[in-house]
Amino acid sequence: MPTRQRATQPDGATQPDGATQPAHAARTSQAARASQAATAKAQRQRPPEQYRSDDDPRIMLDREVGADLFEPIPPYPVRTEREAEFYTRGDGEMFLNVGPHHPATHGVLRLVLKLSGEQVVDVDPVLGYLHRGVEKICENSDYYHVIDQVDPLEYVSSLFQEWAAVLAFEQLMDVEVPPRAEYIRVLTSELLRVSSHTLFMGFLALDLGGLAPILYSFIERDEIVEMLAALTGARMLFNYFRIGGVNGDLNHEFLSRLGDWMSRAAKQTEANTGLLNENEIFVRRARGVGILDREMALRFGVTGGNLRASGVPFDVRRAHPYSVYPQLDFNVPTRLEGDSLARYLIRMDEVRESIRIIDQCLHNMPDGPVMAKLPRLLRPRPGRAWGAVEGPRGMLGVYAISDGSDQPFRFRIHDPSFLNLAVVPYLLPGNLLADTMAIVSSLDPVLGGIDK
Amino acid sequence: MSGSLDSYLVLSGLLFAIGTFGFLGRRNAISMLMSIELMLNAVNLTVVAFGAFVKPLQTHAAVIALLVIAVAAAEATVGLAIVIAIYRNRKTPLVDEYDSMSE
Amino acid sequence: MDRSLKRRLEARLSSQLRGPVRQRHDQTEIRIGPGDVPDVLRTLHDAVDLRFEILADLAGVDTGQEMQVVYHLWSETASDWLRVIVEGISRDDPRCPSATFLWIGAEWPEREAYDMFGIVFEGNRDLRRIFMPPDYTSFPLRKDFLLPDDAARSPGAGVRHVERPHAPAVVAGDPAAGIRRAPAS
Amino acid sequence: MPIGDTVPLTAIRWDDILFVVLAAMLLGSALLVVTMRDIIRCGLAMIAAFASLAGIYVLLGNPLIAATQVLVYIGAISVLVLFAIMLTQTKNAPARLVFQTQAWAAALAAVVIAAVIAISVTATTWPSAGAVAWTDTTRVAELLFSDYLLPFEVVSVLLTAAVVGGVLLARRDPDENEEDRP
Amino acid sequence: MTFATRTWDRMSLTSRLVAILVPLALILAVGSVVGILVILPATMDFLRANLPLVRFAVAVVGILVLTIPTAFVLIYLELKIIARMNLRVGPNRIGPWGAAMSLIHGFKVLSKEDFTPTGADLPVFTLAPVVTFLASVMTLLVIPFAPGLFGQDLNIGLLYFFAMGGLSVLGLLMAGWASFNKYSLLGGLRAAAQIVSYEIPLTLSVVGVVILAGTMSMNRLVLAQSGSALDWFAFKQPLAVLIFFIAATAEANRTPFDMTEADSEIVAGFATEYSGMRFGFFFFAEYVNVFIVSALLATLFFGGWTAPFNWPWPYNLNWLDASGIGVLWIPIAIIATVVVADVVAVAVRLVGGRSWSAPSAFGLGFLAAGVGIAAVVGLACFIAFDWVQGIFWFMTKTYVFVFTFVWMRGTLPRVRVDQLMGFAWKWLLPASLLNLFVTATAVVLLNQ
């Protein structure tokens, strides 16, 4: 089995002359043979020891610029089967580095594209430029502090990430959350969902070359973060949810801003979506591009709007109700096309549903406390808990293990963008370079969450 | 100098000779095509020069030159398409490596 | 809590289960050994009364004594999340069958678990590091890897246990520093 | 005092200076086309040759042909050539050997041709060769659509055929494409 | 000696400056007067004798000099218009309403490091922006701005225009190749494919106009449309206008056809590796292109410098004639300015009272006088000189189209590369052929 061989193989650092055969030698396809030749060649031309970045095959070294025109990528000993396949170039193909600093990659995502002309043949996403080891940090902070550690993960809609963590901890501790707190959680996070989806619309248009929608969507976002700032004190990283409730009751400024916004939210949303829905160029760019069918969407573990655009009505709010969602009346919109346009339209439908939910929350909001009574130092009984909420990008989950101490023994964060982005190598091949942006953007990844 | 037909014709002849050398001497198929373009240009220069100096030929020469330019464009299109097609199969633009018809 | 799910699971997987099916809040938990992973996952996915179609999460866990791989699954037929814990994976040479034959999307979480714990998923055809740089030499979420202020004393730092089996797995230093506190469950 | 045909205080005509400069540019860049190693620079030198030839056409009183030269040769053919170069340029394209092994024979042939043409041209007296006269564009159009209608049509058919043929030749067959890919 | 040194030492800085500058100015003034008196007649004779050459030289210099301000104006307009469309304010810090913004852009571009990447083909890399810029600027030579106000009236003007316009693609291709960057290469190849494809419908759409007018000279094309707006070719060739507009958008690399520098796909395309003034040349060329395309649209289809209605052709205002009372108008204008400024200032002080200080009241009066007199003079010139009228109408029409281009950039997303090429070959080319066929048939039938 290739992986076993690879795992027991001494790597390039121990044998710099590279006399060993690559691990995938068992594979007798043409690709393997070609990559063996490439490997041997690369090893012969290896730069001196002090210039080598141990075994990253994709780093373009200064020494090599100009030696091989436009051919910096052919790798050093490949590490996996997939890498051998990817870094074997066919006839007339070239590699193109998109990112990590590229205008259209939504953060520090790097996509190594294998192009034939302008057509994408294969793609290898490279992650980790924003990795901070949040899980490790959380395992070394106490339960209260975890919340502000997870806050900046999905920085576009940080309340959802807080909610997932809080949900898991509440299960660990068997805390009963007051109903008013639950309503406030739903209210604020649905507001943030509207903001996130509106922002998605703007960035999708921007990646397709339209300048105007992003500014219109920032107007919406600004109003929402301003009203949340009135409630929580921060515009972006709110740190508002607490184990057993929320930090502070609704205040007058929040409510007046919210009422102001609600009076025209629906109309404004229609106007903003009209910017793109009725734009022939936009619709033609997005329709039929990056089709993800139901079967593949399930096999890839895609969640959220991306899954619902492929026809699976999986929404954690309905599929596995939490908080007060069972008492609220809203629909789970689905579409069957599974293309970029469907993913866009699903999110716009969700904005309408969210506005309905906000309306119901405002009308049904009970009185009462917003925090449960909890000790100053939390030491839950040993156990395991899984809390999942439906974020704007899909299911946000937290898997927490307690060992009885005041810090979580294991704190696992599941981010939907991570699995949504994993679809990219499946969706891109066969499309044009320009569609890369339409597809990646329509999956709506947030790199803060992906890289943890 | 510029007033005599001879100088233009000699210039055209030199250009034609350079083109001939390029066509016969270069290995690269595209270089050879470029040399052919130079030779066609030399011919065109002759035609226009005659037109400019010989009164009865005047407008006729311009028409012929236009036709030659059009034919040259067609030739370049097809020639380059052939070069690219061959390049796709043989992976080299060098004509002396196109040594077998089969494969 | 979905009592019927417990019955169905016990009926279907009686031979592979290690220990009882536990239920708490809205989660049902089963434990299996690493050898049974492909069979159990396929049964969970395909059996008509189970149909666990959505892989919600795949996580690695280092308990201090052993490695675990934890799957969270969701199905329309049950009102509970199903948690499948693969236990009994050796810390020195952690290996577990890959779930990519069923869920292609498990590829990246498996890479993450490999990156963070060094668990080798056999059958994953792209098991590289995903977050840490390729020349990184340890597995940060292991319990014997301490945070940077203690990293020099961390027995887990600086060594790739799995990739260099010939290298000593334990580095000289304070052996007690490896495990900070008693493992859970 | 208007500027006349000649450079003030000398007998050198302005046209002569222009002619010499343009001819030198033409021959120089043509030589570069056939001798330079980097083929993309050969292409750029070819553009320079075409441009100086357009200048010579203006000297010959034929701005119509000059404009057509720029439009077709520089705007279309050169771009096509550069395009083809970029498509076929690989890392081993600037080959070690630029010329064929028999290039000396080609050079000899070229020198012979040049000599023959030069000698024969200077030895001949051309009948009715007068001064440079400017060409009337309208007259060219009339002639093109009356006396030369048949060649005109033939050329247009040829161009259409060339376009179709070029597309067919350069198109990559989708099936073949699949086989190519390892 | 000592006297001079001592005096010099005792003088303050200001008086030293005066002591240097006043004699210098005197010498210069006297010298120039003498020089002019001696040289002027000869110079004038020389210039008059070589009027066509002089005219050509002046036109070329004028065009070269005017391109940069044109680009500045266009950049400012674009910043401001798109900002208003996006509900933003746009540049508002430098100059009134941010009007000097593009000037600062120019300085910024000039003062940046001129960077050449490793592996770039240096001569080609350096020449590319020059080629692009010159190709754009040289086309301005044949555009008639007003009666008598053009670089050169070639009888093959339109052909010259397309020949020169086609050169710009060379610069882009060179830039894309020489940059040693894959994004640049993709941009260059896209530019070549796109511009060569769109040049065909662009050229073909104009042939209908050439058939109707029977000339390729831009001046005569304009004259063929003189009269009222109904004589414009836009109404005889509506399809051609549409084709020309679309193809020209692609030719100028403007949204939605800005594939060559699609920033969300290939970073900045051919310009990725350029910085400093080399980038500036590309930048200016792009905006000059927008201006040129708009100007050509106005010239070919919308009557150029002619008025859109039957304007009473330049009315001869005798009192404005330079040979009569003419020169006296300058002192009259100065005196009128002072008088009007005083009157307005006094009126403002009387009406506004203490809320206006004397300087601000006088400033307001001066402003009012300036604007009023400028308006009167402008109106008089407009009535009296046909070239002033011509420039007015020409610029009005041109900037309407410039606005349209900016408008499109503010609202439309970008099309995809295959959609772009398919549109050119499947729709624009047949449409332009159809237009040509219909026009030719109609001309033949109607002439019989």
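Chains here go by letter, A, B, C, D and E, matching the order in which they are written, and residues are numbered from 1 within each.
Criterion: a residue touches a chain if its C-beta (ideal position, glycine included) is under 8 Å from a C-beta of that chain, and two chains touch if they have at least 3 such contacts.
Source: prediction; values computed, not measured.
Q: Please flag the chain sitting at the greatest distance from subunit B, going by CA centroids.
A: Of all the other chains, the one whose centre lies farthest from subunit B is C.
Q: Counting C-beta pairs in contact, which chain pair has more, B-D or A-C?
A: Counting C-beta pairs in contact, B-D comes out ahead.
Q: Which chain maximises the distance between its CA centroid and that of subunit D?
A: Farthest by centroid: C.
Q: Compute the distance, rounded to whole Å, between the mean C-alpha positions of subunit B and subunit C.
A: The separation of the two C-alpha centroids amounts to 71 Å.
Q: Roughly how many whole angstrom separate the Cα centroids of subunit B and subunit E?
A: 39
Q: Distance-wise, how many Å sit between the C-alpha centres of subunit A and subunit D, to the nearest whole number?
A: Comparing mean C-alpha positions, subunit D is 57 Å from subunit A.
Q: Mind pulling the subunit B residues that touch 2 or more other chains?
A: Residues 88, 91 of subunit B touch two or more partner chains.
Q: When you check subunit E against every other chain, which residues touch at least two of them?
A: 185
Q: Which positions in subunit C are in touch with at least two other chains?
A: none
Q: For subunit B, which residues count as touching subunit D in their complex?
A: Contacts found on subunit B: 1-3, 5-28, 30-31, 33-35, 37-38, 41, 44-45, 48-49, 51-56, 58-63, 65-67, 69-78, 80-85, 87-88, 91-94, 96.
Q: Using the touch definition up top, name the residues of subunit E that touch subunit A in the complex.
A: Residue positions touching the partner: 82, 85-88, 118-119, 182-183, 185-186, 255-256, 258, 262-267, 409-419.
Q: Hey, which residues of subunit A end up touching subunit E in the complex?
A: My answer: residues 65-66, 69-70, 94, 96, 102-104, 118, 205-212, 215-216, 219, 279, 281-282, 284-285, 432-437.
Q: Mind listing the subunit E positions that touch subunit D in their complex?
A: My answer: residues 45-46, 49-50, 53, 121, 124, 154-156, 159-160, 162-164, 166-167, 169-170, 173-174, 177, 185, 188-189, 192-193, 196, 199, 216.
Q: Flag every residue of subunit A that touches subunit C in the complex, lowest number first.
A: Against subunit C, the touching part of subunit A is residues 1-4, 6-11, 13-14, 53-56, 79-83, 127-128, 131, 133, 135-137, 139-140, 171, 296, 298-303, 314, 319-320, 382-386, 388, 395, 397, 399, 401-405, 409-410, 412, 414, 418-419, 422-423, 426, 451-452.
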